[in-house]
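For reference, chains read A, B, C, D and E in written order, and residue numbers begin at 1 within each chain.
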Amino acid sequence: MLEIKNLNLHYGMIHALRDINVKVNKGEIVTLIGANGAGKSSTLRALSGLEKASSGEILFEGKDIAKNPANEIVAMGMSHVPEGRRVFANLTVYENLELGAYLRKDKDIKKDIQLILDKFPRLRERLYQRAGTLSGGEQQMLAMGRALMIKPKLLLLDEPSMGLAPIIVKNIFDIILEINKNGTTVLLVEQNAHAALKIAHKAYVLETGSIVYEGDAKSLLEDDTIRSAYLGE
Amino acid sequence: MEIIQQLLNGLALGSVYALIAIGYTMVYGIIKLINFAHGDIYMAGAYFGYVAVARLNLGFIPALILAMTLSALLGIIIEKVAYKRLRNSPRITLLITAIGMSLLLENGFRLIFGPNPKPFPELLKTKIFHLGSLRINNIQLIIFAVSIVLVIILEYIVFKTKTGKAMRASSYDIEAAKLMGINVDKIISLTFAIGSALAGAGGILVGIAYPRIEPYMGIMPGLKAFVAAVLGGIGVLPGAMLGGLVMGVAETFTKAFISTKLSDAIIFSILIVVLIVKPDGLLGKQIKEKV
Amino acid sequence: MSLLKANNLTMQFGGITAVSDFSIEVGENELMGLIGPNGAGKTTVFNMLTGVYKPTKGDINFAGEDITGLKPYDITRKKAARTFQNVRLFKDLSVIDNVKISLTYQIKLGLFESILRTPNYYKVEKEIHEKAMKILEIFKLENKSEEYAKNLPYGEQRRLEIARALAASPKLLLLDEPAAGMNPQETQELMELITWIKEEFKIAILLIEHDMKLVMGICEKILVLDYGKILTVGTPDEVKNNPEVIKAYLGEEG
Amino acid sequence: MKKLKNLKLILGIVVMVIYSIFFLLIQTGALNPYYGQILIVLGINIILAVSLNLVIGFTGQLALGHAGFMSIGGYTAAIMSLNYNLPFFISLVIGGLVSAVIGFLIGMPILRLKGDYLAITTLGFGEIIRVAVVNMDFLGGPRGLAGIPKKTNFTWVYFITLFTVIIIYNIIRSPYGRAMLSIREDEIASESMGINTTKFKMMAFVIASFFAGIAGGLYAHQFMFLDPKSFDFLKSFEILTFVVFGGMGSLSGSLMATTVLTYLPEVLRTFAEYRMIIYAASLVMLMLFRPQGIMGNKEINLAHIKEFILCKLLRKCKKKGGAFNVTIEG
Amino acid sequence: ACGGKKEEEASVIKIGSILPLTGDIATFGESSKNGLLILQDEVNEAGGINGKKIEFLFEDDENKPASSASVAQKLINNDKVVAIIGSIASKCSIAVGPIATQSKIPMITPTSTNPKVTTQGGEYVFRACFIDPFQGKILAKFSAEDLKAKKAAVLYDVANDYSKGLAEFFQKGFEEAGGEVVSVETYNTGDSDFNAQLTKINALKPEVLLLPDYYNTVGLIAKQARSTGIDAIFLGGDGWDSPDLFTVGGDAVDGGYFTNHYSPEDTSPEVVAFKEAYEARFESVPSAFSALSYDAGKILVAAIEKAGSTDGEKIKEALKATDITAVSGKVKYDADRNPIKGAVILKTEAGKQKFFKKINID
């Protein structure tokens, strides 16, 4: 479904990504882990068109999208929940969810909003509040809910569990599993590597801009070097 | 009786400010840019109207449509040329380019049409309505009506349509808006087009009401419209209308009952007092940053 | 003796009551945790305690003084400093300048002394510099002292924020989710750092965190907030096994 | 410490040499009064730009009424010279002080406003000052105040400009300056770090008003004539342009930008009626080309210049070999 | 101070001209420029001055005094002009005057009416127009004596010195003549809505209303005044002189009177020749700005001719002794270097200016 070939990214003088190769098959959950500043977020930003890659190919369903603007990539079916929540602070919770369905033309929008509110009851209580006044965790839920509204084929998640209460963290990973069962492919970036590896099929480890390890998630969980470096054990 | 006549005068003047302020606030509300060139687009609109009528012999409605279209086009061009590349720059940089564009338009039109003021052709016959000793003319009424209708339409667009939501989303976070599939460039162009078309319409209507147009005519009304927009709460459409009317009435009453010499100073004093008491303007919502 | 004592704090935003009847007591050199579901009102409590919001109701007593309604800078001067949930560094300033700014209120130097560059100016600037460097060393940021704050990786930004708060010489340090965005390894280091700071500087710390390993690992006492109200207060073990806390916050597996 | 003294000495010599060269050029007529006048205007503009930069670039408060303070200082100094025959320098200082006091009075209510709201109120105050002057007959009203003695000359302007830059530089490089910068960066965080933001904003605003007043006094005694229209909001914008084009928060940037933008309109005189078009277009282009301004928020590093002089000119390189370029400090 | 000067002297006589070619009153700058261009051609076609051609060097001062001063320095020091014509607004001329005098370069302002221009400027500064008190007095006397008005109102631009000057001297004169000024109202440059002031004025029913501003604003005011119900007779000064008065004001300005330097119906050869040349070249009727600039140039040319030299001091002396007939009539200078000349009163009728009366004042 998604194939990244020799992707390079520069921020001015900084060479943030070096020859990244990643492959995500349809129906998989793939996770990307690594220390702070390794380039996880940069990878996702390059995929969704927020940053322009300096070289390399990004094949989405066989088509090279490296040069397409972000909004077109969304229209093709790839959506990205960026780092730092990025909810529309001046809009209400409800409007934020509606905007998730900006490109959708079907009639289920209202129904889907209800489904999402069922998943995050906290948001229902805050439905007509401006998103900017939500607590950090509430914003994180909203960002997730908004991305689900897009109903993408491929969902890119950047640290979706950050700042969430333990009970909600669990909830988030359940939701990821659930949407994956319903056919959405997921590329997940997480600091909570433990939980991420548990639900993922495949994993890549990034270190200062390069992929240093790839393999199926279960084997990573058992790898000692990985455990000590990334799982804090 | 004089006081009521002055109130009418004030409302008439205020609706002129409102008409320009609406476009101002619209653009501000969406891209947070104090578009100092707005007053000059209004001037351009007046000249477009002038050309349409004096050279092409068009009637009121076609002239209006032509002027609005050309102004919208001008607005889009300005945005594409001067503002687009600066979207990620500090806002004050944009303010400077806006000032630069303003100078460019003023001097450009001076070169094309000459510095001499042009009489705006009499597109609509002025009719004065008498109500006892009160007078009000049809053009004043039209401007008033147009401003109100525009506020309602725009308010509907911005708050009730999908495009409007996209506008507001883009105004807050361009990147996140893109991730929703919103074509931000198109939305911003559209915003500029609407704002500029409004300025253009203002140019024609004011041209009819005060039939003297010149290249520098946009500076003061531009400034006053900006003040009106801020007074009402910048970015808030009904605020621009209210701000404009309040300013018109305040200005007229000051001139009528206090001092014509100090009127401008008093207007600004009112603005300052209002902002000190209510830092987000009359209809602005107190938005406290969540920490 | 208690350092901080707040009684019946209530905070309303329009129709929403974010916090109601909240009371807390933090002893000197105590390390206390504040946890609770998202939107429970934890950050709001911090904002009231540090003067960012003025409580709708209630009073706050700090080090024997009533500080209710004081401005944030006054409260900091009375020696309570904080960090923010969304990192709020002075992004375009160097790392060391970020720290130096917190020292500003603690020095005596006239404007004219600065303008005329009197000997005292050089003396004071030197002192500031040395103090700032010392604090950076504690946080292992000394060799990044001239870097722009915005160029630090996220984890280091969080550390710098704590360093900056510590530079204000607080008796009470309020940390809002210091471990968010850190990986387990870094969280581990942070835990050690926090305990060390507490002992070294003999200060009290109030901590908001969703990482249970951290909270349960270092806090002496934990206060649980739910829907703006106190659910329970207790030791980590008490809290961990409180069924209400499990239901509202921890979830079944804990 | 010794290094520092050396640096100061070298700088002092450089400053005096530059002064002497220009002074001689003007005295001998090699630089005719036209260029002499441009230099004086340049100095005045630099004072205006660096002082406004303190408020906008360093403290982050968008103030658009600088021309108003310039006019207060100008008119006050002019009246001091005209009616009380005070010595020039005293007139200037009184002008600056009156401007500072009014800056303080205006600042009190409005400095708690933010962003664009502050911008429009300061702009408003600028206009109020102008309208007030128009209505004061003892200041000449719209006819302007004529017959002010010609006291401004190159020497005065050179040294006052120099002192202004030094003073503002010293403020910035002090705990006061850091406090101001922190307000620009994040006001809420700044307050939470014990900074009384209102106090520092006020300080920046009052200091800037003082220097704007001094600049006004120099202007008055150069052109021997003041009229209210010369200090309208467009003049404030002009000063703002110097600051932004130079780079917000960069004094050396302000210096360069002011130089460029003061000379540009003069250079463009040959284009006659196309002049303002070209000026406006260049302004837009310059900003598109360098949105962060010439220098961004960086300064030219004096230490590097010193090294450059030592190394290249005096051949006393500290570093071994290698090409040397003037670098920019972070 | 070197060789180049001689060479230049031989070929052309350079005259600096400081005008607001951009900015808020660019239109007046352009009218003036046109007047000077007519003169330049005329003089050069007639063989120049003592065989030398003249050339006007136009510089833009944007109607800003600081800019005027700067440009004056440039013209004098870089371009080495022998004299200066300009500027338009008094504030700009006041800024130029002292520089001219100090450099011993004669200057004539075509249109700056503030008395201070010459008194502050020094002995090298002359002008081609009346000064404020003169026009104000004439208008006052005319309203009181010819129109037999008892109640007058004034509406002027506070921020414009010309407008303010006329208003004040009119008021003084009218009250001295026994009339009552019932209302003095103001507005600001650039305003286009005057309903508030006019409503106020209307309530007091004045017989005459003085509108001492330039034609483009007067047209607007007149229109609004009539629709407010004011039926007073409008009065104004030389700023009214332009055909554009009627294009904006329409029939609202009919029936008004204004003072001017000359009448377009005047059959004197100077007027006829100037008008014809102007209409031929610019396809429009000259305004007062064009005529006065033309005159200023003409006065200067005559003085250079008479002085037989381009030496500033000699030209200045010749200027003091000026005695020529220009478009605006006979010109002689008084001790303050203001022209002693008569005025005409014109009446606006059916979109035209008609000669009404000639007035001389001591």
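FYI, a residue touches a chain if its C-beta (ideal position, glycine included) is under 8 Å from a C-beta of that chain, and two chains touch if they have at least 3 such contacts.
None of these values were measured; they are calculated from a predicted model.
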{"item": "Those chains which touch chain D and also touch chain C", "value": "B"}
{"item": "Path length in the contact graph (chain A to chain D, fewest steps)", "value": "2"}
{"item": "Farthest chain relative to chain C (centres taken as mean CA coordinates)", "value": "E"}
{"item": "B-D or A-C, whichever has more C-beta pairs in contact", "value": "B-D"}
{"item": "Mean-CA-position distance for chain E and chain D (Å)", "value": "38"}
{"item": "Gap in Å, rounded to a whole number, between the CA centres of chain E and chain C", "value": "73"}
{"item": "Distance from chain C to chain B - Cα centre to Cα centre, in angstrom", "value": "47"}
{"item": "Set of chain C residues in contact with two or more other chains", "value": "43, 52, 84-85, 88"}
{"item": "Residue numbers of chain E (touch at least two other chains)", "value": "21-22, 158"}
{"item": "Shared interface positions of chain B, touching two or more other chains", "value": "107, 110, 219, 261, 264, 289, 291"}
{"item": "Interchain contacts, given as pairs of chains that touch", "value": "A-B, A-C, B-C, B-D, B-E, C-D, D-E"}
{"item": "Contacting residues of chain B [partner chain A, same complex]", "value": "162, 165-166, 168-169, 171-173, 175-184, 287, 289-290"}
{"item": "Residues of chain A that touch chain C when the two form their complex", "value": "35-37, 84, 122, 126, 129, 133-138, 140-141, 159, 162-171, 191-194, 229-233"}
{"item": "Complex contact set, residues of chain D against chain C", "value": "1, 167, 170-171, 174-176, 178-179, 181-182, 185-186, 188-197, 203, 297, 330"}
{"item": "Chain D-facing residues of chain E, complex", "value": "1, 21-22, 58-60, 62, 64-66, 69-71, 73-74, 76-78, 90-91, 94-95, 98, 103, 114, 116, 120, 158-161, 164-165"}
{"item": "Touching residues on chain E, where the partner in the complex is chain B", "value": "21-24, 26-27, 29-30, 158, 185-188, 190-193, 195-197, 199-200, 203, 216-217, 219-220, 223, 227-229, 244, 247-248"}
